[in-house]
Each structure stands twice: as structure tokens, then as C-alpha cells.
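Below: one structure in C-alpha cells.
Residue numbering begins at 1 within each chain, and the chains themselves are lettered A, B and C in the order written.
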Amino acid sequence: MLARVANNLYWMGRYIERSEHVARYLNVNYFSSLDAPNELSQSRQFVLRSMLFMVDKPEKDEKKILNEEEVLYQIGLDPSSPFSILNNVKIARENANSARDLISQELYEAINKFYHYTINYDADEFKKNGLDDFTSNVTEMTGVIRGKMRGTLLHDSVYAIIMMGINIERATQIIRIINSKCQDALSAQGSYQHKFSKSFEWTTLLKCLESYDMMRRIYKKTPTSISTLEFLILNPNCPRSIMNCLNQICNNVKVIDDQKEKKPDSTAFLVGKIRSEFRFKRIEEIDENIYVFIKKILEDLSSISIKMEEEFFNY
Amino acid sequence: MLSEYTITYKTKNKYKKNTKKAYWQFLIIPETNDSQELVSFEFSNSENILYQNSINGYGFLVFRVHSTNESFNKIYFEANFKVIKKYTNLIDYTEPLDITKDYNKLEDVNFKIDYNTFLTNTQLTTLPLNGKSLFNFNKKIAVLDNLTELNKWTNTYLSFKKKVTNTKTTLKHIIKKKQGVCQDFTHLFCAIARANQIPARYVSGYLNQTSGYLGDSQMHAWAEVFVPNIGWVGFDPTNNLLVTKNHIKVCHGKDYKDCSPLKGIIHTKGDNITKHSVQVIKQQPQQ
Amino acid sequence: MTNISNNLFSSYVKNEELYDEIYDSNGDIKDVYKKLFSLYGEHSLTNFVKLNSKAKASFFNQGITFQVYNKKATQEEIFPFDLFPRIINPEEWDIIEKGSIQRSKALNLFLWDVYHEKNIIKDGIVPIDLITSSANYLHQMENLDPPGGIYNHVSGIDIIKHKDGKFYVLEDNIRCPSGVSYVICNRTALKRALFGVFNHYQTYSVTNYAENFLELLETAKPNGVDIPNSVVITPGIYNSAYYEHSYLAKTMGIELVEGRDLFVENDFVYMKTIKGPLKVDIIYRRVDDLYIDPLEFNPESVLGVPGLFAAYKKGNVTLANAPGTGVADDKAVYTYMPEIIKYYLKEEPILNNVKTYHCSRPKDLEYVLEHTHELVIKPVDESGGYGISIGNKLSKKELKKVKKEVKENPRKYVAQPIMSLSVHPTYIEETNSFEQRHIDLRTFTVLGKEKEFVLKGGLTRVALRKGNLIVNSSQGGGSKDTWVLKK
């Protein structure tokens, strides 16, 4: 496979995954805030700020009153904002275009439909009452696309590179969403009922990652900070956990680099090392300083990405 | 008699922004032919990037340098050549018996077909409409004599001046300005020769300037024309000379574009500056 | 039955002046079309409209589109497709196929000759200006032997049927002829929409193009290569024919590369893969001559590969089509095609040539200037239907302008009588009915070493504007599925 095309496939995977997470974050936060148990979590300003924080565009001016329609448009369909879902989809499709000969017609068609759906979505409609419609369709279409990847591509290096992108992006988005929600829980804490560890935000967090039902099956209790973080970070069986992503990344890289002996400067070696460190972590260690942990894992993920670029995408 | 030359070609390239990926192709290697022999060469650059030899589209040897990883904002190249030039009696030439026969040869279709490459005008060697009558051949004297006249005429019509033209200047402009450097002299000479059915090619090479000839301490240019019954003959219109032991040929083509000594494909933003210098030193004559 | 009486075709008007493909010489509807009419007649007009928009959506979703640039934004549009197929009977196809092969072979021999001994000029069959004043003659190709001796691996020959019922060639395209992917997509779309119809006909498949093409391409591999590594090179995703490039690479099972994916080391070509460099032996190029190598041709080109031409000259890589083939699809060369075929193959031309006037010849120029209103004036070195003037469609002012232009640059133009392209029933959305529209046929011929292949079908292009004779997609043309019936 061409190095340039591999790079494009990798980013195609990342952008598709990213658009899904952004869409779901918008949806869940907006709608769960409507009947949140405390005033702050219900506040529209609070939710909009959280959304901007999640797409890495935090509003620094604490006094500024954000305009709901503007913020939603900016994150959803604004062609001039680089982090908008619209632009994520555009880039994903452009990357798919350049690898058209390698991906299946079925997958291409799904991505193409996704693209046309997004660019043709009426922006005014979206701002006024299309949020749920648009974001649920985006998550559904990315689900279809993932299904086409799984079902219509040969599970060889092309597939592995795409999945590598998806898994790295998923881990990154999980950690970003955790970060946002920790922020929110921190801001929302106050009186006894609204303690950090028992914040309503943990439920929202789980819902943002479509993991609420899974979590309830294991813990059978209202989520707390510890149980939520443990589940989303360390539980290998949760498909939306960091551990699970790292395991998958490990499998993906084995397909791309089939040498038995992993050289110390290879991606495979680095991924293995990061995963091993993770497997023997306990949630108490993480909980001691969650922000240090978040920073570390983001750095780790980005170092994998950089390594891949050096090793495979150098053209 | 033989004379030996040492030629040094240097170029300095500076780039505003750092660059990694680049290609350079140097068309600067003296060819080996009946009158000269390339004895040895060295080629190096400041970044120690390996070079390759290749043959370009017209069959001449080039150096090619392909950089992929090293990041730099300047690079120097230096080439050294040792060439032995055979001193030949200008041309083994006696007045042709039948001048018209030579002119008829030029009109012959098969001749035109065989030499079509050097009879075809290019963008740089197309005479403007008013240029056709600048110099007329006298069919009563031999082809070679006409060319000698043309050489002289070109030399007087244009005066040598740097920086009034560049490598893309067309004849229309040159004829109007009446000034230029060796490329311009050569383009004009070739165009008029071709207009008179004489195959003419642009030659790029080195000139031994110690003899006081005009050039600009870069590569020199002159022309070769095909004269029936004699073959290719070199004329240097810049110096009004027949080409002899002081000219060391690198390559020929239809015009400058085919002979450009340095071609670079550089993936960088911003400007770049390129400086060339050429030195030709004549060694002690050998027996 | 001369009139058509069913739901779909009730308003079909036959213009007696035109040669309509569906009627035989007695003015009766041909049997093959009769059956087709009755099969199509089973659909109501509403139903047909539905099928038509479904087929369009399918093209759109598959991304078989090209970019249209207008003032506001770039838009994607599909290449218009007509659901009513053109049928070519076995006898007619025989002529087309043999004629296409004959022409392609003659062009290949012509190219070898003009880049080597030039005997055809020495023997006085064609004038020397064909090479000396052609912008597409590449001097770098002189005395270079392309691997396998093949120049025009793929030839796209545009054929029409005139009023007289005979086939004429309008143009030979041997640089980078495009359109073959549409042949296959049209078939797929028609099969999806009207699958029932196919049961009633024995039609040749068109999906075998890619494998045949690759097989023949590989016969012209460089010397010393055992199993060649082939690639398709494209200018990139913004090129209007990008879909076709990716389609061909995919169906041939080879990599689709851009110039930046390749590099040349010691006169061998390599591509950059995730596992390091991999040698490339055959390049099916969809990048124009002057852009393939910035060190040898246009130095501004970012689409090419520095050093590629030197690798080619050394015989280390095959380029298909060879650089410099453009000299032979010049419209001035076209006019000598009958002589060229006779000269190299000692055969009579199978397909007719349209009578052509060379404006460079004083006598022809005189005729052209007097009869401009009844001629088609074409620039010799343009393709894609650009720069063509059709005499009887010009206003007085335009006529004057054209004459002036021809007079000033006679070498640049040729003129031909206005050929009346045959017509075919075509569904027209604006009127919601079938109408006669002009069509042509582009055949795709592949030459290999001692073997050749013609795609049994080809691209029927249709001029969708009423009365329009120019079928190129850039000029508002569409296309139809083309059925070649088995004997």
C-alpha cells in the first residue's frame, strides 16, 4: 500500500470517528441538561461552554453570554470553523476519495451519502430544531460506515490502518469527553447532594459514550466518579474504554507490521509498551490525580500517531 | 597537439525556508567526441548527498541529486573535470567544386527529414516577421562562407551586454534591443541559419577565457551548423570565431531550453538564490 | 409498423431528414428495437421517470460525478445517462471492431516510423510539416524504442454513422482517451434499473475490459522483468476523470498513484509504500506528456516524477501510452489516415474518413473561405470539442470572425463537410418524452505485443441539446449503454 494512501485511510478513520463523538456529545449534553437535577447542570450557558471545551475551543471570557444558535452552528455545520462536524465529514470523504481504489464500493457509497447528507443539511433548520435529527443521523450513519468497513473490506492492512485511525481517535475522544465532564462535575459541585463523586455529570458522561446501559449491568448502582472512570478507562470489555481501544490498536498494528521481532523504535513496540503500562494500573492511582493521567494518556496517543507517521506514512 | 584543461563548476543555492525534498539535474559534463576527451571528473556537495549519473532526453550525461531527508537552507555543489582537447586544423576544407550542388543538398527532402530536429524553430529561435530579411545568403559563394559571414554579422549586429536579457528572452526583443549575451547571439545565429535551410544546433559548454574572449564566467553558448560535405561545424558568434581548441562542449539541443545547465525541483515556499561560477584553466601543453 | 404506439413512445417524432438508428432502409422499425419498444412499453411514463431518477441517484451516490465550477460554489454533477440503449448488430460490429484494430495498428506503425526512419515522409506519402510543425512531436522520442514496440496501448476512436448509413471516423484519440469507465457504469446502471430487458437479448459483457487491458499492457513490459508491477498514475482527486482512474486501478487490481508517490533512483522507478520503496515496471499514465517529468519537460509540473523520462529512455519502465503519441492524433494526420493504412498494412481502410480540407494548402484554403457556411472548422491540435465552429450555425458576424482567424493561422485549422450524425431515441427530461438526438460511438482498442482487444460496446455519446452535433461531455453531452449483440 502507498504510504500517502495509508496516511489518508488513517485520517479517514479518525475523522469519521471524530464526527460521531462530537455529534453525540452535542446531543447528549443538550438533551440531558433539560431535566438535570441541579440548576447549573440545567443552565444553557453551562452546556454550551462544555461543548466548546470538548471541541478544544473553550470560551475563556467567563462573563460572555453565549448565543445558543451560534455555538451549535459553529460546532455542527459552520464551513469556516475547522472543528465543525461538517468539516470533519468533508475531510473524511476527501481522504476516502484518494483511496477509492482500495476501499469497497459499498463503503465509499456510505461515506459519500454521509457527505451529501451533511453538506445539504439546512443550517437554519439545524439551529432551530434540527439538533436531535442531525446528530442522531450522524451517529447512525457513522454506525453504518463502520459496519461497511467491517463487512465489506478484506481484513488486511487496509482495514487495519483504518481501524488504527478509528481506535486512536476513539481513545482520544473518550479521554477528551472524560476531561470535559470532569471539568463540568467540578464546576457543578457544591452542597452535599452535589458532591463531585456523585455528580449528575457522570451519567451524562456515560451516555455521551453510549456506555450507560453497559455500566449499569456491571455496577447496578448510580454511577460515581470512581466507578465511571474505572469502567471507561480500565474495563477491557467495554467497547468504549481506553483499555479496549489500546488492545485493538495493538491488534491493528500487528497486521501492518508482521515482523515477529519488534524493533525498539517501531510503532508496534511503542504500542505494546503503552498497553502494558495500562494493564496494571489501578483506578485509585488514576483517581489521585485525574488531570495528570489525562495529560499523560493524550501524550501517549499522540506519540503513537507520530511514530506511525514516521514509520509508515513517510512519503 | 593536445591541450589539457581543468574545469571547475560551482553553484551555491540558498533558500529562504528550510527544505528537505529536492531534485537537481546538472547538464555540465564535457562530452567525449572527436575533438575532446573527458579524462576524469569529481562531483560533490556540501550536504554530502549521493549523486547519480543519468542520460537526459537528448542523450547527454547528467548528474542528478535527489535529497529526501536532510533539511537545509543552503547547498553548494562543485564539479571538477579534466578534459583533453585535440588541436585540430580548423576544417579540412577545400573550396567545393560545385556550390549549387551543396545548396541543392539542403533542399533535398531526405536531408530535411534527417535533420528535421535542427531545422525546426522553437519559441526561442523563431524570427519575427521583420527579422527574415536581416541577413541574406549569397548563393554564389559556398555555404561555409555564408555562415562565416553570418557569424560576423551576428557579432556586429548585437553587442555583448549582461543583464538586458534572460534565458526566456525571444528574438523579437533581442533584435530590437541589439544587445545580449552568448545565448542570444547563438539563438539569433541558429534562427537565421535555419531560415536558410541549414541545420543548426545550440551548444552549451565551457570557454577558455584566458585568451580574452567574451563570456560571463558562467557556461558559454555557441552554435553548430551542418554543412554539406563537411559535417557539423562550430561557430561562436559572441566572439566571431570558428570553434576550436578553446571551446569545450557539454551538449547540444534546439535551443537553451534543451541545454539548461541546472534544473531544480524544490519543494519549498519562498524565494531562492542561485549563483554559478565557472573556471577553466589550461594546463601545460602535452606532447 | 412505422409509427410507435405505446405509452412511452407515442410522441416520438421521426424527422425524415435524419438517419434514425431504429429504422431499417425500408423505413420500418428494426426487429431488435421493436422488441425493446414493447418491453419498455410495459412501463408507464411515471414509472419510467421514477426509474430514471433512481438511476441518476445511483450514479450520484456512487460518486460517479464531475465537478462543475460556477460562481457560487463547486458542484458535483453526474454525467447524464440515458436509459434507452443503443443496439449494434453483429454485422455492423464486425466492421467497427476490425476497423478500429486496423486504425490502431496503422497509427502505431506510423508513430514508430516518424520517431525512427521516417520512411513515410521520405516516400512522399505524408508531408514533413506533419512533424515539423506539430506541437506534439517530441524530439526526445527520436530513436527511442518503446518496450514491446507499442506507442498507443489504448486508442479511443470516435465513429459516427452518416446519412448514407456508412461508418466514418471523426477523430482518433491516442493520448489519454477517457470514457471507458462510463461504458461499464452505464451497463451497471441499466441492469439495475431494467434488469428484465436483458433476458431477451444476447449481449456481450463489458466488464472484462480491465482484465484484458492489464493482460495486454503487461505484454509490453520492460525487458528483463518477469512479473511486472503495474500502476495507474493520476493527476489527483480534483481531476475531472479521477473517478475513471480510480475505477481502472481498482478493477485491474493495481495501485493508483500520484506523481509524489513515485521517485526515480538510478533510472529505476519506485513507489513509496508503507513497507518502503517498491519497483514499478509499467505505468498507465493519465497525466499529459508535458507534465510527466519536470526535469525533461515542463519544469513547473508538480504532477510528474523527476527523472521518469530517463528511466523510460533506458527501457526500465513502460509508459502507456508512450509520450509523443499526440503527433498522430493531430487532425492534420487524420486526413492522411487512408494513405497511412494502405502504406503500412497494404490494406484498404475499413472505416471511412471524412473528406478534409487543409487550410495550409492554398487551394483548400480558398475553398474553405468560400464555403465556410457549409463546413465544420476545427483547430488541428485541440481535443474535447473545443474551438469547433459549425458553419451553418454561425451568425454573419461569427462567420466573418472565423474566416479571419483561419486566414491568419491556416496551419491551425482543417475543415470538413458537416456530417450528419445518426440519431437515436433519447429520453428528454424537459419534455418528458423520447426525442431524436445525435449520437456517436467511441471504441476502445488495446494493443499489446502481437495481440489486440476491442471492448465490445464502447461509449455511445449523445448530444442532449436538440439539433446539436457535438457530443462531448464538456459540451453538454450524455451517454447511453451500448449493446453489441452476439451472432
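Just so it is clear, a residue touches a chain if its C-beta (ideal position, glycine included) is under 8 Å from a C-beta of that chain, and two chains touch if they have at least 3 such contacts.
The model shown is predicted, which means the values in this text are computed figures rather than measured ones.
Asks: Keeping to the contact definition above, tell me which chains border both chain A and chain C.
Replies: none
Asks: Central chain, going by Cα centroids?
Replies: The most central chain, going by mean C-alpha position, is C.
Asks: Looking at CA centres, what chain is most distant from chain A?
Replies: Comparing chain centres, B lies farthest from chain A.
Asks: How many Å are there between the centre of chain A and the centre of chain C, using C-alpha atoms for each centre?
Replies: 48
Asks: Please report how many Å separate the Cα centroid of chain A from that of chain B, as a whole number.
Replies: Computed value for the inter-centroid distance: 63 Å.
Asks: Taking each chain's centre as the mean of its CA atoms, how far is chain B from chain C in angstrom?
Replies: The mean C-alpha positions of chain B and chain C differ by 42 Å.
Asks: How about chain B: which of its residues touch chain C in the complex?
Replies: 23, 25, 52, 54-58, 64, 66, 68, 109-110, 112-114, 116-117, 119-120, 254, 263, 265
Asks: With touch defined as at the start, can you tell me which chain C residues reach chain A in the complex?
Replies: Interface residues on chain C, with respect to chain A: 60-63, 232, 236-237, 242-243, 246-247, 249-250, 255-258, 260-261, 271-274.
Asks: Quick check on the complex: what are the chain C residues that touch chain B?
Replies: 118, 121-122, 124, 128, 131-133, 139-140, 142, 263-267, 294-296, 299, 306-307, 309-310, 313-314
Asks: Report the residues of chain A in contact with chain C in the complex, numbered from low to high.
Replies: 1-6, 94, 97-98, 100-102, 105, 108-109, 112-113, 116, 157, 161, 256, 312-315
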